[in-house]
Amino acid sequence: MPDGATVQGIGASVLRKEDKRFLDGHGRYVADIVRPRMLEAAIVRSPTAHAEKLSVTKPDLEQQRVFTAEDMLSDGVKPIHVISKYPGHKPSDYPHLAIGKLRFVGEAVAVCLADTRAAAEDLATQTKISFDPLPAIVDMVDAAESPPALVHEQWGDNVILDSLFEEKASNLDRATVSVTRTFRMNRQAVNPLEGAAVLAEWDAREERLVVHSSSQIPHILKNALCECLGLRQNQVHVIAPDVGGGFGYKCVLIPEEIFIPWVAMQVKQPVRWIQDRREHLIAAANAREHHYSVTLHADTDGNFIGVEADIIVDSGAYSVYPHSNILESTMAGRTLHGPYKFSAYKVRSRAVATNKPPIVPYRGVARPGICFAMELAIDAMARKLGCEPYDLRMQNLVPSDAMPYKTITGGEFDSGDYQEALRRAGTLIDLKAVRSRQRQDEADGRLIGVGFGCYIEMTALQTSAAARAGLAAIPGYEQAHIRLTPDGGLEIGVGVQNHGQGMETTLAQVACERFGMDIAMVAIRHGDTATSPYSTGTYASRSMIMAGGAIARTCDVLGVQIRRIGAHLLQCEFDDTSIRDACVIGPSSAVTFAEIARVWHRNPEELPADVDPAGVEVTSGFRPSPDNSPFSYATHACVVRIDPELGHVELLDYVISEDCGTIVNPMIVDGQIIGGALQGVGTALYEESCYDADGQPLSSTFADYMMPGSTHLPNLRVDHLVTPSPLTEYGVKGLGEGGAIPPPAAIANAINDALRGYGVEVVETPVTPRRILEAIAGSKT
Amino acid sequence: MADGGSVDGKGIGARVLRKEDARHLAGKGKFTSDFKRPGQKEMAFVRASVAHAHIKSIVKPAGYEHAIFTSEDLPGLKPMRALSKLPGYKLSDYPALAAGKVRFAGEPVAVCVADSRADAEDIAQMVEVEYDILPAVTDMLAAKKPDAPLVHDEWEDNIVFETFSDDDFQKIADEATVVIRREYRMNRQAMNPMEGKAVFAEWDDRQDQLMMWTSTQVPHLIRNGLAEFLDLEQRQVRVIAPDVGGGFGCKALLQPEELVAGYLTRKLECPIRWIEDRREHLVTGANCREHHYQITLHATPDGRMLGLDCDVTVDAGAYSVYPFTNGLEGAMAHGNLPGPYNFKAYKCRTQTTVTNKPGLMPYRGVARPGVCFAMEMTIDALAREIGMEAHEIRMKNMVPESAMPFMSIAKKHFDSGNYAKSVEMAVDMIGLEKVRASQGVPTDDGRIIGVGMGSYVEQTAHGTSVFSSWGVAMVPGYEQATVRLTPDGGLELRIGVQSHGQGMETSMAQMACEVLGIDPDNVMVTHGDTGLTPYSTGTYASRSMVMAGGATARACRVLAERMEIIGAHLMQCERTEVSIAGGKVVSGKGEVSFAEIGRVWYLNPDELPEDVDQGGVEVTMGYRPEPDSGAFTYASHACKISLDVETGKVKVLDYVIVEDCGTIVNPMIVEGQTFGGATQGIGTALLEESLYDEMGNPGASTFADYMMPSATDAPMYRVDHMESPSPFTEYGIKGMGEGGTIPTPAAIGNAINDALKQIGAEVMETPFTPRRVRAAIEAARDRKEGEAA
Amino acid sequence: MTELSININGEHIKADVEPRLSLADFIRDRQRLTGTHLGCEHGVCGACTVLMNGEPVRSCITFAAVADGSEITTIEGFDQDEPMAQLRQAFHENHALQCGYCTPGMLVAARDIVTRLPDADEDRVRLELAGNLCRCTGYVGIVKAILSVLEQRRI
Amino acid sequence: MKPAKFEHQRMASLDEAVKALGNAEGETRVLGGGQSLGPMMNLRLAQPDVVLDLSKVEGLDGIEETGNAIRVGARVSHARIEDGEVPGKTGDYMQFVATGISYRSVRNRGTIGGSVAHADPSADWPSALLALGGSVTAAGGNGIRTISLDGFTVGPFSTGLGWDEILTGFELPVLGTDANWGYYKVNRKPGEFADAIGAVTLGVEARAVCGATESAPFRVTEIEERLASGVQEVSIAEVRDILDRYDAGFDDYELQIHAVALSRAVQGAFA
């Protein structure tokens, strides 16, 4: 069907429909919702990283306002229990409230209710807990090699999953040059500016639980509530209203999303819990933290032969719903190769349990780690071979003529020109100019360095892959529900959740593209399990591909019905009609959607006899066929300036050359890339959740945990390649996460390039001034 | 019988106890007036204190200007406009707040907003409205007089429109040797659902949407009206009818207060609540029935009714209501007067007049209580005249079962049934012979006994063609239902109609059970929310069970096919080998539960077949009967009354009902609807009247003046059912929500006249108050004395 | 403002109320116990009936201030009450409710009948119910339900 | 439908109430059970500035038999009378009357004193007590006084109470065990206000009252004389003729039902 052309369709930088309410201060977040007789919750949290024989004493006078794990157990509430089908995965329950053992500082122990948060916090302080301390497992390597204790006794060790990815290892013999490095990417907190928030109430009329939660996955949360609380699906209604950022932290279930609704049902009053920043920085320090020892093998000409690696992922204490605690370790193990050609592959990847918060899939999911490891190893190799890292990359990237390309571990790159992306980045950053500048010393004695980072990102995880990975939520056909309203507008229900990605605009653009209608007449309804069809939600850079695809396909079904009515009103053959500018166009004349809507709703006596009783309201679905994912990719390049006396790092220039296939809204794509890149800068230089030897968190305020700010990234430049994916509607590829993947690699490479004179390298994020000075000091010994 | 083989008799025909009871018995129902939001404000209206006047000035008390709004203060708020396509129909706009002129006492003139209703009423009390009082038109017959004042100045008279038909009446009438002439009047009433109107409006900035919780039967039509008259896009309006405390018709129309609340919540940026109090309802809701009949029946001495000639006048009040207009009753009276009888000739003129009273609304039964009253009372008059039992005349003249389907002289397409049989059964049940025997002997307390009956046929769930022929501003089309299988194998059923006592949360679940064999307890029925349900013109015209029920059946069947595809794949067999039974997909190889189907679609799509429908396990499908001329329910009511000659007080001693609504979905609910309807009929017959003085001031503004039927007024009804399935509808269901109210005034009126025949008195105007009965008796005595002298 | 100390469904409540605030509005809007309904606000329809010190009263024409020191039981307060449990079941089985609006007041009045008048017959039940209007059911199910509970309680 | 603003004064004692009434500024209403005043205030038909709440005042809810009289406190509820707390034949009569007043949930709050002081023409007690005889006790600025029930009700909503007086109770005659009484009320529905009342008692004297008129209930002496002379039946036609001579402003229907009521009250007295 020819798409109705419109300036508001695919490719247009349409200004965002959702902006107005935020600019007016009229956005509605969970914390903005108040209910009569609502109680506020404060949570008693574990002060220790590891202990047993936990016992809780409620304040005498307020017994009925404090709830513990015992109360939940006696009510038959089931714990979160995510066993991956992945062979060898060791199962563990995630109790909503700690029972018997405490496994990380900040773990929820009891929930206290009062009319105000302050009064609830008073109750929390009056609730006494006692326990017998155990040695804490704090470091992931110790956890794997020499554990001081066991996080889950029944396992016998702390290794959740030990997996080996080995392909054509024999080819490794052909290698003549090898470099070996050990890298570490430290733990972070995701830090959306709105933390987690839950408001739960029982609706006696509908006989159902209504939960407002700041979530990326309302339908999955609904499933979890049914499983844990033993409710029927039609007894739960989940709404994710405006959500102040998610980045992955909100695409997993948190215990509060179960026990706050449960206590609301106990007290028969609405109950609200708003996570404060300290709770977030302590209980949600749950991202990144990988350890790599990597050996990169090449021949004397610099052709990559193979990679060997031993990866350890610190998965924290528990397995999160639905993405489990092995998502990162398996993804890291399988795709360490990145965009490069290899003829041998041997990677061991272990997920280990420690006494820290359970790891969640933060923007980029594992890829910032593997990109950091691989890209730094490549620069090390270049230095060893005495060649330009840029050239070494160019030489080993999968060439465009090899597309579609089967990777050594069985993945399939769908399309793209990786080398062109690198070439453009090199041009934009003007590598030659940097090199020539480097030849003479800086007047102020500072050091200049340039670095690159390339990556590929599998977007919109598909059914079979998710099933292989053994996830608890397997995406199938993404659906959209579309209704033509009596005035000719569209109401579109989607199960994904929009929290900054601008989907109320971009998804509407798809309908505009299909029907050529005014975007003002398209309303996107999302994040509400009642008004939208089922969806596994927003994560894995999937929403534009999947929900967008579903809308396109559903528009086609609806379009047929609209044309059938239109043909009747135009007194012409169905086959002679088409849709453009929200009209059905016939051979001689046209009829508007508004007219067709009027006839269906208000004057059905004018309908054709053969009209489909299904009417002008349709639910249909989409998934790529074959069931593969499109790969986005990009090269980031940057120039840094280092003060060798203080170890301070300054980003002088930053460029990005990316390809996310067909671009729906360039303004929004740039916004996603830039926002992601700054988070990457945070990973590279600033953000770290530190722990002491006992597993006590040391970064519980923004004074200790440094967030990237407006001064930390110069105006970067973004260049777009557009290689439509053959797999998706309009050739769209996902791009929400990509920006956050390569900055640690590019920046660290630039730093190491600047430090090359010292013959030292930084190998751990964030690259703090201390770490730089320690590296420099290392060279002097 | 059941497509899916229903779960231990919970499908069609089962006396399933209601799912909705639990919350109401626990006091956990949620009605519009139960809503409360922080920062909410309440509205109180300044209402016209006179029936007809020009507004000279409205003076806002100093310091309260910001809290008071008149029509001038609400720019862009359009008047309600309900245009009929009937020839000669005169349009009248209905302003939400009176502009320039008030046309009935109680018409909203200004609205006051405050933190509490009491405060708002304080302000309303201080507003001074100066009127230039005009003579009021308070009687529908006077309204037709050439010198009558005009309700709408731009019209040349007070007649909204006329209908007239005459198929060569005179020729056939000439055969008649018996001619009965009568004049009947059915007076104005208020519908009085126990919950009055209530509105809660809130602007949702996140959705850029007006959220309106309102006590309505027709949420989607209210959405249309709000969008139209507030100038909003449809996407900017979501209407939700939560629990609704009865409707009976007055909640099937857009109300001025709904428009004002929707306007003000956006203007004032705060939630707005308005709860109609009983006085407001009795004054502004005095909007139904009020017909006048000048009827002539031509018959033969052996009781054959040949021709019917009638002049009908309908008092439509001041305005045309949205969307049903003020043309509905006149058109329906014209088409329904001959009832179930087979006349050779029919001549009818209807005139619908405007008066200075609230705009007429379609109250349960819509015009038919009036026409049935006139027709059935006239038949008994004929019976007395020719000395024949009235039921014999009825049976003799009714359309016989053998003639079905039958096109009546008033162009009604009767589908099925044995009308005469219902009369015969009713006569047996009431024990006519025993009553006749007892009538000679006066009771010890000096009361006299009478027996009477009324028969009717009711067109229900009539569709597109019928409504478009009436020119109504709203035409129903395909009714739709959305069904969604949930991941645990439960069913969500979404319908655009609204259930406010009819028990649809149960009966619609029974329908799903009938098709899919799923336990009704696992079916959640969602209704009354434009955001969640497919479009529907809503609940009225006894249509919901036929239309939404039919749509539910159709949607469930499509869902069944979708589930069969998945089930067949899971059982590794062909589509053709599987079927749905007892809430499972079954085949020779075994069975797959709905829960399993749900699990696979939602949680393990990796197990889905390639040919699965991408629409998944969520379906919207529509239904419309073919032909859509309606399913005709009918019944005969018979009752026995005692009458205190000295006080004129009437008591209903026994009341029997024989009804046929086709296939019965839930007998308990059908009987509940029938008893409730009949009791409203008793109200019409004996108690309820919205009185007006000659200035048009309402005389019944509290329950002390307006008599509602209580437990002491209603008898322990006895009911018997006939079941003639309609050939036109899913499962042969006919609508029946309204029927109970239709023949009661006729049956009781006939019983009174039967008792009074020894005195020679006749009552001809409802309600039959002691005062009217006494007046009839006195008149008869005066006549006798006159004759004697 | 008038000070008010009152016990509702076992909970002791102190509040400042406007003298003109009815007990019904206090229960509904202030205590958010919305099971008690308003049908006429002049004491005729009975939808607002609650127990005051164990006796049924009209909460719409009883000022909250006047109820100071009293014990109120609303429809939400009968969870442990045997006659109410019997009535609820009987109402359910006899289809004694349709729209549900009159039901809470009807139940409170019915409870008074079955506890105060154990020997009531149909005529007496109807007479005692005369002050509770129902617009939907025609009272058939309600009367049957009450008679059946009276019968149960006699055995 | 909410009342206008007013000041609520909770009275602790009768003295306090009398003082408060004497000193009150603006329109002041005394609140007994509030079952008549409540609806009128909700409808804003009554908009008092001050409401004196007697619900906490002790000593106004007694019922005692003192030799030849029965004392009934003003705050005695209709329900207590319905439940037979008033002794003897007088109690039987009053029990019959009380049972017909409104509905149980109103009778639980409504008081006999409030009803008589309110003096709604269509209420039961003004007519019923006039037919019984006895007196009203009232407390005011000048102390306690006794007012005969004869003529106490002056007209619609107006009585013989002084502006500063509060009705405190009744002293009612004790009907002998052989005394007859009859009470007949014509109304559309149980619990509704009366359209006509006929009340008859044959104690030391025969009293017959025509009530629920446009104004105050009145004694019908012609009927009383007949009863005194032993007549046990008066036909409706006779009563019509008698009532027709009174200037009660009845139309034909009203005359008829008042005649029926009185005739049947007589009938009831001897049934």
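Chains: A, B, C and D, in written order; residue numbering restarts at 1 for each.
Methods note: a residue touches a chain if its C-beta (ideal position, glycine included) is under 8 Å from a C-beta of that chain, and two chains touch if they have at least 3 such contacts.
Here the structure is a predicted model, which means the values were calculated and not measured.
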Pair joined by more contacting C-beta pairs (C-D or A-B) = A-B
Please work out the Cα centroid separation of chain C and chain D, and write it as a whole number of Å.
-> 28
Chain A to chain B: how many Å between their CA centres?
-> 54
Please compute the C-alpha centroid of chain B, do the same for chain D, then give the distance between them in whole Å.
-> 44
Indicate the whole-number Å distance between the mean C-alpha point of chain A and the mean C-alpha point of chain D.
-> 80
Multi-chain contacts in chain C: which residues touch at least two other chains?
-> 18, 20, 32, 41-42, 127, 130-132
Find every residue in chain D that makes contact with two or more other chains and list them.
-> 1-5, 39, 43, 189-191
Hunt down the residues of chain B that sit against at least two other chains at once, touch-wise.
-> 22-23, 26, 28-30, 36, 118, 243, 277-278, 702, 704, 710, 712
A full list of chain pairs that touch reads A-B, B-C, B-D, C-D
Within their complex, state which residues of chain A touch chain B.
-> 20-21, 24, 26-28, 34, 36, 203-205, 207, 223, 226, 232-234, 241-242, 463-464, 466-467, 473-477, 479, 481, 483, 485-487, 489-491, 520-521, 523, 525, 530-531, 533-534, 553, 557, 600-605, 607, 611, 613-615, 617-622
Note which residues of chain D are touching chain B in the complex, please.
-> 1-5, 39, 43-44, 186, 188-193, 236, 252-253, 256-257, 260
Within the complex, which stretch of chain B touches chain D?
-> 116-118, 121-122, 125, 277-280, 646-649, 687, 702, 704, 707, 710, 712-713, 769-771, 774-775, 778
Complex contact set, residues of chain B against chain C = 17-18, 20-31, 33-34, 36, 118, 192-195, 243-246, 248, 275, 277-278, 500-503, 668-669, 671-672, 675-680, 702-704, 708, 710-712, 714, 716-717, 740
Touch list for chain D against partner chain C, complex = 1-8, 10, 31, 34-35, 38-39, 41-43, 51, 53, 55-56, 79, 102-106, 108-109, 189-191
